[in-house]
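First comes the structure, then the notes that go with it.
When the chains are written out, they are named A, B, C, D and E in that same order, and each has its own residue count from 1.
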Amino acid sequence: MPLEVVKSGQNLLEVEDLKTYFFMKDATVKAVDGVSFSLAAGETFGLVGESGSGKSQTLRSILRLIAPPGRIISGSVRYKGQDLLKVPLGEMRKYRGSEIGMIFQEPMTALNPVIRIREQIFESLENKGLTTDQKNARAVELLRLVGVPSPERRIEEYAHQFSGGMRQRAMIAITLAAEPKILLADEPTTALDVTIQDQILKLIVSLKERLGMSVIMVTHDLGIVAQMCDRVAVMYAGRIVEITDTLTLFGAPRHPYTLGLMGSLPHGARGSRLQPITGQPPNLANLPPGCPFAPRCRFAESICTETYPEMVQVGPGHFSRCHFIAKLDGQSGIIDLGNVAEGRR
Amino acid sequence: MKQLNYIVGRLLQIIPVLFFVTVLIFMMIHLIPGDPAETILGDKATVEQLTILRHQMGLDRPLVEQYLLFLKNLGTLNLGDSFIYHVPVTDLLANRVPVTIALTIMSTIFGALIAFPMGYFAAFNKDRAFDQGVRVWTLIALTMPGFWIALLLMLLFGLKLHWFPVGGLGEGLFGKFYSLILPAFTQALGLSALWTRNLRNNVVDVLRMDYVDFAKSKGLRDRVVIVRHVLRNALISTVTLMAMSFTRMLGGSVITETVFALPGVGKLMVDSIFARDYGIIQAITFIFALLVMVMNLATDISYSFLDPRVKLE
Amino acid sequence: MEPATAPNAAGDLAPAPAPATASARVKRKSIPFWRKSLALNLGIIIVAFVFFVGFFPGLIAPYNPNTQNADLMLQAPSAAHILGTDNYGRDILSRVIWATRADLQIGLIGTAIPFVFGTLVGLLAGYYGGVIDQILMRLVDIVVAFPFIVLVIAIIAFLGPGIYNLYMAISLVGWVPYARIIRGEVLVAKNLDYVSAARVLGYSDWRIILRHILPNVLSSSIVYTAADVVFCMLAGASMGFLGLGVQPPTPEWGQAISEGRVFIARAWWLSTFPGFALVFVGTGFSLLGDGLSDLLRTKGR
Amino acid sequence: MAVASIGEQPLVVIKDLYKHFPLKQAILDVIARKPALSVRAVDGVSLVIKQGETLGLVGESGCGKSTLAKAILRLEEPDKGTVLFNGKDITHISRQEFRGHRRHMQMVFQDPYSSLNPRLSVREMLIEAMTVHKVCAPKDAEARVAELMAMVGMNIAAADRFPGEFSGGQRQRLGIARALAVDPLFIIADEPVSALDVSIQAQVINLLQDLQENLHLTLLFVSHDLRVIRHITHRVAVMYLGKVVELAPTQELFERPLHPYTKVLAAAAPVLDPRVRHREYAIEGEPPSPIHIPTGCRFHPRCVRARDICKASEPELQEVAPGRTVACHFWGQ
Amino acid sequence: SGKAKNTGKTIIMARPADSDNLDPVMQDGNVNIWVFNLAMEGLVKTDNEGTKNDLPALATEYKWSDDKKAITFTLRKGVKFSDGTNMTADDVVFSLNRAYQTKDSPWQFALDAISKVEKVDADHVKVSLKQPAPAAMAGLAMFNAVITSKAYFDKVGAQGYSQKPLGTGPFYIAEWKKGEYILLKRNPYYWEKGKPLVDQIKITVVPDDNTRIMQLQSGAVDMVENIPFSRIADIQKDPNLNMILVPSTMTYYLGFNLTKKPFDNLKVREALAYGTDKAALIKTVVFGAGYEATSFMPKSGPNWDATIKSRPYDPDKAKAMLKDAGVAPGTKLELSINSANVTQVQIATVLKDQWARIGIDLQVKQMDNATLRSTYKALNHQIIIAGWTNDIVDPSEIAAYMTYPDTSKNFWTGWAIADPAGAKKAEDLARKAEYETDAAKRTQEYNELQEYIDQQMPRISLYHTPYTFATSKKITGFVQTPLGNYLFQNLDKTK
């Protein structure tokens, strides 16, 4: 693992060689298998990949929210230089919430159904030395901040009384209440309408700017990446296969999988044929040796099914795991870096 | 308002059900061979004597008329007379209903006292020795007939250790409570096994829920996470199950009351069926049905309080 | 060098290669069901054993279970009578073995009839909803309003004691849980897309109910059956206690336990061994049920 | 069936279709004679789907897209209105009679996990559909299964497996195969790719597109993903709170949306270019509930252009250019 | 409880079932008789052994009229009811009138001979009979002829009376919690000075045999009624307990329904008797605590015929006889029993095995008591098991039941229907004996009747058993008569 991926020392958060496996009766699921990346202060870092590629488990591992049969096998998660994986589990709560907060993927299941929203916000306001009235005021303010209408009334309600978008907002409010330095956002808009998604994403952007947070944004929607992220890592089968800045990703991706993703995107008008990746995502329980993408890869050769490719640097801050980076030279993504695409608005 | 709406709706539903329950039981018991006149007069009675008594008791009237009379009495909250004891059924039940209800409540409390810690610790020690031990225990407790458990408890705690009386209802409030301990325990044992398993599985399920992790991700203390987020959610369905066990306990009281010589309704019901004491049977059925339905209603309402997601519709 | 996998130039219309079977193959390799749940294995073994005993008690029982011998009353366990003899001088081991038949019958028939009837009611109520649902569910309310045992007693008083009436009584009340479970599942299943698909395909209601809904809603009630078998056996035992159960001298555990209770001080073996048998078999079925639900839980997504 | 090119002839004509779901009324409300409320899921929709075209249906979650789809197929009995299929009224015939028409109109569902009966093997599933409708002679059924599997890009070896053994994308192909099994003329695809990963999504989109073209199918394609809609459809209908508010050929709609709501939808979709980042909200507020639909133009509470007339009177769907209709008082501005 | 402290000695006795009706005239069953008999007395009473029935009670003496058609009783002086009011001749007349005149009383038969009861003077009451009846005195000693206060009865009415009858007995009924207990308290006005010895008797209801015995063993109760025979041996071994076996008139028998085939055939009935091993029954069912019954009349009652012997157990002979009678091996016969009665269940269990050996496939039909009663009363049964106890110290009661067709269809054998001539002969014999005033002749006639019935076998008498009663060793002075009545005047409890 080239150290450049994780520029040691200068970052708010550095994840290195993180491995989280699930030990099932019949197999070991390598959900996160040697993930390394870093997050600078004020940065929005994207984590993309298809379903099951290990995005959520990576985030959970950062907060050490992995329950049996899952276990963090190795690696380090350095937050401000402190390796969180070495902190006694009992002390993790010092980092959770107030330092690193997380928005869960499913607002439906991540909010406790039997506790009022207010109490759930209060929980994040604990240890801040606030009186109940102050907490109340703060909670209302937070809900208003995230755009929940008539927050004084809705604070008394339960999660099920909220619509999907409102739930997501409530969850953001709960997480933000603790004023984290880093926000881990796990597909915060997947379940939502475009209009609501638009609102939530823009909310996150504005909050981030106001509160000076860093954000790790997990998504499988490249549109969100384009709109939100400074840098991106593409995950495939538990590993990061490409990591670069957003513009490069869209303009000159250097991994066959990323290229395939671009080709799969319907982006133009009717008539053009899509160029999807063939085949199905691999099963993390029975990964063959070699590159897990090989069976679906246009460029694959026999070596790909035999040895696992190392991460190689292909440009400044641009790394890719592929035996045949050279073959990809000249392939371009969906935007032409030459000229700025025309905005639609 | 929503609640009130719901309650009114449900109460309205109870009426036809109660009506059918009473019709059913009325038909059933009146169609069984044998009648109270025979029970009262015994083997030595002549046909003539029987005829006289039947007439006095109104048993020679058409069934429909008898039923209407029963309904009419019900309307005035008069549950009729016991044919055998010659006293108003309400008098008989006044002493007995509290015994059965006390027994049921105590059984519930004991059951909860057994089930909650067991289920909880089993879940937190999932698949470890304690969990397996609890599993074995629940399997056995579920399969032991109540009267057999009762016998063992009486032998051990009554006869050998002299801790508790061997059956009978004590005197005074404390005496009564004291004498209900073993019977309640008997009833609690089998049910608590059911509840333990339910709670254990619930806790295991809840522990997997995202909201528990979300709570942890806020940096909450473990105790808070467990009490507020895990237990509360896990208990919802266990509490419902406990409420649903109510009917079963009423039924179980038949046997418990017999074995422990308790003057409750269950035993009275069985005796009355055998004695064809129509008055009592009808009254108890009616009360049981009412109790069960009110209990079900209360369960549903309390369920909606415990779990705000449940809409009362 | 040729690419390992040729790009699918023809697009997706050509038969897709391996992927169609890839995940299936992975599943194939996964461990067989019987290695997934210890409870299930134990349950299957016990229940299979019990079935064997229940079907061929004559092969195992050393004596005729009903032969009395006044000279051999209340003998303690010995080599000749491994579990001792009862108050009629009958061999307890043989009676315990033969009782398997009656108890299994109570457990299975007492479960099977309610299962079938309750399933039917649940299917109709759940699928058609509306008035049919209302009527059937009120019927459920009526049955539920009686405590189980009391209703069974009343029915037996009506029909007279005996094993067939016991089935009848248990069946008349036992269908309710099945109806409820199935109805609940049908309410969910009928809104699933594959049922909509079946309707879009113009299938008849009966085809949809029997072929598309029924097989998919059975699992939780099948799990319930295992518990229900135990419950029925216990109900049978309670009836035996009240003198409303199986007709003597047919051997039956519940009755043996309750009749043996009087001898507890003098001849503990009378009720203890049938008690063990009941617990053993009950445990077997409970384990089976646990195992089945384990299995279904892991199978579900 | 005569091969018809797009636009020649309408295949499905929906006239003023309504589907309301009455809310359960509480006893006390009934006694108090409060008016019964209902979810007005489809609230007067008229649409023409032409033979051989792919019509897109977009709109926010809950605006009634699925209900409309189901009402056309009588999975939900419409309250009012008519659906003509090939000129024949199919809403006012008995269910029995309608069953005979079912094979002509099929549906592909959104959730690949719940849309296949887990207890039937692929073969059983396909053969059942064919035998019920006697699509082909029993002896040809096997061959047809193979043909269908090939059509949807699946290996015939998979025919004996059960749905649980397939991935989401494969299941979606099987769902399509099932719909094709009865040789339909018209297929409604209700968000057929929303649940799939991008790479798989693309496979299914290609498949649908190819099938539509090769088999001359008429397709109603429901989605809220504008990128997909833009890619696959010929014309698009935009729904808002139970009504169609705009209908236009795809290209034109995206290039020149007329209804303010259409504009909002377009603006809300994230642009796939990191260099073009919008920071202002496309729209504020949430859609109102379909129970209390605003008076007048149902979009007016969220509309930046709303004026008094928008509150007062509901704009009719009007043809503003050939093939373009829109329901807005101020569509021109 | 607080109340107990000045009530002195309390004895607690547990029994399996509660009373239901304490009106001596209107109830049926020992559960009632044995209780109100502690509180009420008649003019005469039986002795402890149940052989004499004219011991003085509320009457100090009596005199038969010369034509033996009337008895004049001299009332005891100074007798008070337990409420402190005096007992008068009017009370006696009222009580006896009610006893013999109440049409729907199940016990009316015992006083059937009475034609009139009248007050002679304040101290004398005359009972007139329709004809000379030797059994009349026995009837007057019976529990339904107990004396109550007319004023009280008028005050509380029949219903109130059935809850709390008032009498002159050693105890009075102080409290009755249905299904739980009956509390009897010492009658302070009791005429026998110094009696009774204890202050209270609490009779509790404990349905389960095991529980009842455990309560005795644990000291919670002092006396327990109805010990299962299987437990006699245990209790006898217990150093703290007394096992009391009270000789009783209890007779268990199998009753055939002669109106049903093949029981109309005497051969079959006899064969079944030969096929019944009474000794084994006694051993397994009553654990040796009983003895063989030969006659339909109890051995412990008067006029029992010692010359009758049971048919010996001889399965081969039984088989042969059945074959002769045309009953094929494997024939199914039906035995209807009360499912709640353990003894009946046990007898049925043993019989099924015994009769299987003579080729009879006995079908045991269990039903609850009420159904069973309706079944046999309608003669819908084939065989029943029943037990009988005498209520009076005279053979006339059982003889009448066995032979008078109208009262009980000959004990539900349907004899008079199936074989009118035979039944008529028995009836004539019984009627003659009932009114026979010459004691020796009467014995002779009853013997003849017993022999005739033994020969005709409308039933098979099985065995006699004692009443089983256990007390703690502290209890003294326990008396129960063969009729079952408790005499607790001398009951006491030592420390």
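Points worth noting:
Here is the rule we go by: a residue touches a chain if its C-beta (ideal position, glycine included) is under 8 Å from a C-beta of that chain, and two chains touch if they have at least 3 such contacts.
Keep in mind it's a predicted model, so treat the numbers as computed, not measured.
Between chain B and chain E, the least number of touch steps comes to 1. Of all chains, A has its CA centroid at the greatest distance from the CA centroid of chain E. Counting C-beta pairs in contact across B-D and across C-E gives the higher total for C-E.
Work out the mean CA point of chain D and of chain E, and you get 87 Å between them.
A straight line joining the Cα centres of chain A and chain C is 48 Å long. Centre-to-centre separation between chain A and chain E, using Cα means, comes to 91 Å.
Centroids of chain A and chain D (each the mean of its C-alpha atoms) stand 32 Å apart. Annotation for chain C: residues touching 2 or more other chains are 11-12, 16-17, 19, 23, 157, 242, 261, 264.
In chain B, the residues that reach two or more other chains under the touch definition are 32, 151, 155, 258, 273-274. Taken residue by residue, chain D touches two or more other chains at 167, 170, 203, 206, whereas all remaining positions touch fewer.
Looking at the complex, you find that chain E touches chain B at residues 1, 14, 20-21, 26-29, 103-109, 159, 162-163, 177-180, 204-208, 210-212, 214-215, 217-218, 220, 340, 368-375, 377, 401, 406-408.
On the chain D side of its complex with chain A, the touching residues are 60-61, 167, 169-170, 197-203, 205-206, 209, 224-228, 230-234, 250-251, 254, 264-287. Taken in their complex, chain B has these residues touching chain E: 32-35, 38-46, 48-50, 52-53, 56, 84-87, 92, 95-96, 151, 154-155, 158-159, 162, 165-169, 171-172, 175, 258-261, 263, 267-268, 271, 273-276. Interface residues of chain E facing chain C in the complex, by the touch rule stated above, are 209-210, 228, 230-231, 233-234, 279-280, 283-284, 339-342, 345-346, 348-350, 352-354, 356, 364-368, 371. Residues 1-2, 4-6, 8-9, 12, 313 of chain B are the ones that touch chain D when the two sit in their complex.
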